[in-house]
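Please go over the structures that come below.
Heads up, the next two complexes both have subunit A, just with different partners, subunit B and then subunit C.
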Partner chain A sequence: MNRVQRLLIASTLSATLVAAVPASADIAVVVNANSGIDHLTRSDAVNIFMGRYRKLPTGNVALPVDSASLKARFYRALVNKDLAEINSYWARLVFSGEASPPQQIASSDDVHQLVLQNMNALSYVDSAHVPDDMHVVLTLGE
Partner chain B sequence: MKRLLPVCAGLAMAVLACSAEARPLTDDGRLTFSGFGTLGLIHNNLDEADFTRDISQPKGAGEGWSARTDSMLGAQVGYRFTDELDTVVQGISRYHDSGDFSPEVSWAYLRYRPDPGVQLRVGRLGWDVYQLSDSRYVGYAYPWVRPPVDHFGTLQLTYIDGVDVTFKQPVGSDLVLLKLYTGRSDGHVFIGEGIEADFDVDKVYGGHVDYETGPWRFRAGYTEVESGITFSGDVPDQLDAQFDQIRAFNPFFDLTADGVLGDAFGFDRLKLYSLGAVYDQGPFQLQAMWNRSKTSADGAVDSGFVSAGYRIDRVTPYLVYSQVETTSDGEGGSEGDFKQKTYSVGARYDVTANMALKAQLDRVHIQRPGFLWRDIDSDWNGGWGSIFSLGLDFIF
Partner chain C sequence: MPRLLLLLHTRLALRTTAIILLIVTLLGVVFLALAVYLRAESVQREQQSRIQELLTTVERTAQIGCFLGDRHLAQEVTDGLLSNNIVRAARIEAADGTTLASGRTNSGDPDAATVTRDVFSPFEPGTSVCEITVEPDQDYIDELVAQASNFIGGALLLQLVGIGLCVILVVVRFVTRPITGLSHRLSELEAETGQQLQAPKGNRDDEIGQLVISVNAMIDNLVQSLSEERRLRLEREVEERRYRAIFDNVEAGIFELDGGGFIRSANPAFRRLFGMPGETNLERHPVAFASLVNEGDGETQSFVIGDDQGGHDRQWEVALEDGDRKRWVSLILSPLETGRLQGVAHDITERKEAADAAERMAMTDPLTGLGNRRGFDHRLAVMARHHRLYPERCHALITLDFDHFKRINDTYGHQVGDRALNHVGAILADLVRQRDYVARLGGDEFVVLLEGCSERDEIESILTRFLERLRTPLQADDGVEVTVGVSIGIALLGVDADDPQQTVQFSDMAMYAAKRAGRNTWRFYGDASVANAD
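This part shows the complex of A and B:
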């Protein structure tokens, strides 16, 4: 093996390693696999999670669900804001009675259950661990 | 000051123990409780006049320190009957027209949302006359210690008892919003030394159109307020005493202080035109608003402000410029008119995800003293004042 070949193998190996063990995975916005929703745009997701306009492509009212363990990463990826800023944003809307924040769920198992039970629910999971019965409608890069 | 410190510490600990969201009180999550508050300290360097946050405050912050102007506490209880129908009751305790912190019901309404594009509310509602006007007491929601006084301080009402309806329509990835409202209200404001006005609002109606595109939110609004006005204080009392003396000789003399002052101020019918723009993208926050309020006596209150903030980790430094000017006869600059400009610099520090500490310095250029100040020295004709403020805002 000459030096060029060795370099190529080394770089291929390291690329494979990086792909297999992502330093930080992306965030997947998910719905029930049977909801009939194929795809959402980023602005759809902003409208729904930020309480601006909560209509799904199916015509139904969206039920956004915040998952406590991923919440900070999700809003950083969606609108580039931290949780204090998100709380500040909601303080304005809640205390003026304009809109209500997403439902807050502490455990990711409960989020999973809720999405399985409700065709209008949407939440988010780590894109490296999407359960089979959930459908990814949007992936947010981190 | 010393009495306030243990209260501060106690509240801070209570807040730290709470989560940031409206907490469900029942297992089914139908009943929720949440709240907001501010502990504010203000230092005024002027001995000629006392600083107020708005025209409903009978006393201002005099020379030295005061905790009265900005401190407040609000709480909200919500109950969800169905996904479409819910009710909200919100109360607030702040220093207001009664001269104390007596709590009042700020909102109490039934909300019906049959569709994501339609919302109907009935009951006591926030007066959504400008952008941010119906959340102006929720310190945690904005970067400043208080919303720019030149712009928000002249508002006559806080709520309306009536109905509002909001329509939302997406246009591509943008959103158009139309809100219409009508109702009754009342308010009590301090116009100047020895003169107060009581607004019995028979009819308040108006609406606004919002256009949201990306990080921008634009608004154009129009509101009319029709009221019966009753004046009180030394000025109308002395006027009425003089009119009574004339009436003793001439029984047909029919002037009253309410009539004369009412004609002079023209508060019985107000028309408010407003424009606003808000930009909120990642760490950037920009706000710009303008308002013209016309009275039936051809007078006007013109106000506006521009604010810019940039968040760096937990700290958001900001700059604000605001101004307000009244003209009593369309000509401008006459005796009794009010004019000032304010240059503010400050910073918000997010201590936790539900508590923020703020410091702000306002350099106020009072060109003609007037109704946002109290206890004004009679020989004072304005100048520069420095207001330094500290605020601790929290939600629970």
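This part shows the complex of A and C:
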């Protein structure tokens, strides 16, 4: 493969990637399939992830989990805020101690594991790659 | 207070300042009120916007606090708000009506207008999560307004005082002092010497300079008219002395009459002439001119009272009784002004007497002292006038002629003849009355005019007495006795004729008839013999 051919292939690939990202951009809020929660409103999602509600509609204590790889996109889609703002929000609440931020998990596999193990866990994944054992309660369009 | 009023009344600078200050004060009060009002408005607005800013500042925290229902955070927000002077009370009320936090610094008027802001969820802009109510501290705002007002008022007061001081200084420096200086210099000025007023240095070209120029012009005029006045007075004094000298020393009498005919002044000559005591004060005791004059004063009266002579002089003569002698004075009166006459009186007694004597002489027969032909003609003319006026009165005209007078002259000489003529004349003059007239017409011819006498008996009685006395012989020088005979003719004016000349003629004819009848007798023209003789 000469250089010209490689460049062509790369550009074609990147063009394909760029076109594919918006198609799979939606973020799905997911829970354990057995959690008993069928559906959440966006408002419910905001209240839970931003620390307002500590309980799920089922009455169990909610355990929101932030997935590091998708965090920025998720908050942009949910409350239209960037991470700095979200961090500053939580920083204010450190002193009052009334609310605490979602648990931070770096790897998406770990998130997957946590949701599978904890009935009350609540997280988000790319809607294009939702594992079968997770239940989507809300899809956020980007 | 009266002292202040007096000061204001007497000090231009103070008065000007007071008026200006009054105006400035009035305007200042208006402006102050306006400024305070506007300032209050703006302070109010400022505080409102400050509260809004405060709310904006705490809004994000409040949003979070409300979103989470976090009372601590909400309390933090209200405490933060209350830490501002401007906020009296703050309350955060959640959407469901529960009060998350509230605070109040002091108990003020709870009715004050509050500021309320809806707080939305930080994540869902359309969702209201709570409401912040802030009550502004009106007392503090009022205090701010009062402070601002005090500052404006103070500034205005300072400005007022400054303006007042400046006005006083300016008026004193530029108006009062130059005027005071001028006034001092003016009062010390010796205008009679032609001294001029100097304008203050800085005021030569302004209104004060103009004033000085005007005053100098006035001084010039005054000095000029003063010296003119002085010159005229001097001239008048000389004139008066001259006139006084003439008045006192002249021979003619000079006097002045007023409108009532009273003598106002008279010189010594006049006093001598009219026999007035020299010390009579005419100013205090006016003497009526008429009381000094015996004859002709009527004219004086008419002249004085009539006063219609149009400024012309008038001259006439008056007679004065001076003891037994009559004095004649010629008067010339000229009007000086309305109600004032000047008169000059000359003593013309001697001239008049001389003229009278000449007149008498011309009509007198030098030999007998009786009238001559001229005198007779004059008398006859008077008689004719009289007869024309009173034709009913009759007068007798008697003509006498000596019988053989030529023989007496020839025999005894002219001297005896003349004595005979004198003798006859004396008898005739003795027989007739005062008002009758005897004249020698020439030679030995005499006439007698008996005024108002037409009775024959009366005439005859006179003639009888005449002839009787004529019979007494005339003693000549050398013892010779001479007897003269006279033929007499009588005619009556008004009976025989109405014309005097004709009467003379008729009496002549009657005289010739007497001669024819044998001399030394008389005949009336009315007798038939006379009329028929010719």
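Convention: the second predicted complex is superposed on the first by the 118 of 142 C-alpha atoms of A that agree within 3 Å, B and C clash if a C-alpha of one lies under 4 Å from a C-alpha of the other, contacts with A are read in each partner's own complex, and residues count from 1 in each chain.
To be clear about the criterion, a residue touches a chain if its C-beta (ideal position, glycine included) is under 8 Å from a C-beta of that chain, and two chains touch if they have at least 3 such contacts.
What you see is a predicted model, and the numbers here were worked out from it, not measured in a lab.
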Subunit B versus subunit C on the shared subunit A, clash or fit? clash
Touching A:52 in the superposition: subunit B (first), subunit C (second), both, neither? both
When the two structures are overlaid on chain A, which partner does A:61 contact: first (subunit B), second (subunit C), both, or neither? first
Using the superposition on chain A described above, determine whether A:79 touches subunit B (first), subunit C (second), both, or neither. both
Please work out whether A:115 is in contact with subunit B alone, subunit C alone, both, or neither, and reply first, second, both or neither. neither
Could you look at A:43 and tell me whether it touches subunit B, subunit C, both or neither (first, second, both, neither)? both
Pick one for A:29: touches subunit B only (first), subunit C only (second), both, or neither. neither
Decide which partner touches more residues of subunit A, taking subunit B and subunit C as the two options. B
Which superposed partner A:137 touches (first subunit B, second subunit C, both, neither): neither
Looking at A:92 after the superposition, I want to know if it touches subunit B, subunit C, both of them or none. Which is it: first, second, both, neither? both
Mind checking 99-107, 351-359 or 369-377? I need the stretch of subunit C that runs into subunit B in the superposition. 99-107
So subunit A touches subunit B in one structure and subunit C in the other; where do those two contact lists coincide? 43, 52, 79, 81, 89, 92, 95-96, 98
For the subunit C and subunit A complex, residues of the former touching the latter: 61, 64, 67-73, 76, 121-124, 127
Could you list, by residue number, the parts of subunit A that touch subunit C in their complex? 43, 46, 50-52, 78-79, 81, 89, 92-93, 95-96, 98-99
Given the complex, residues on subunit A that touch subunit B span 41, 43, 47, 52-55, 61-62, 79-85, 87-92, 94-98, 100-101, 103-104
Within the complex, which stretch of subunit B touches subunit A? 20-22, 29, 34, 36, 74, 76, 83, 88, 90, 107, 109, 111, 115-117, 121, 125-126, 128, 132, 134-135, 138, 140-142, 168, 170, 173, 175, 212, 281-283, 311, 314, 350, 352-354, 356, 395
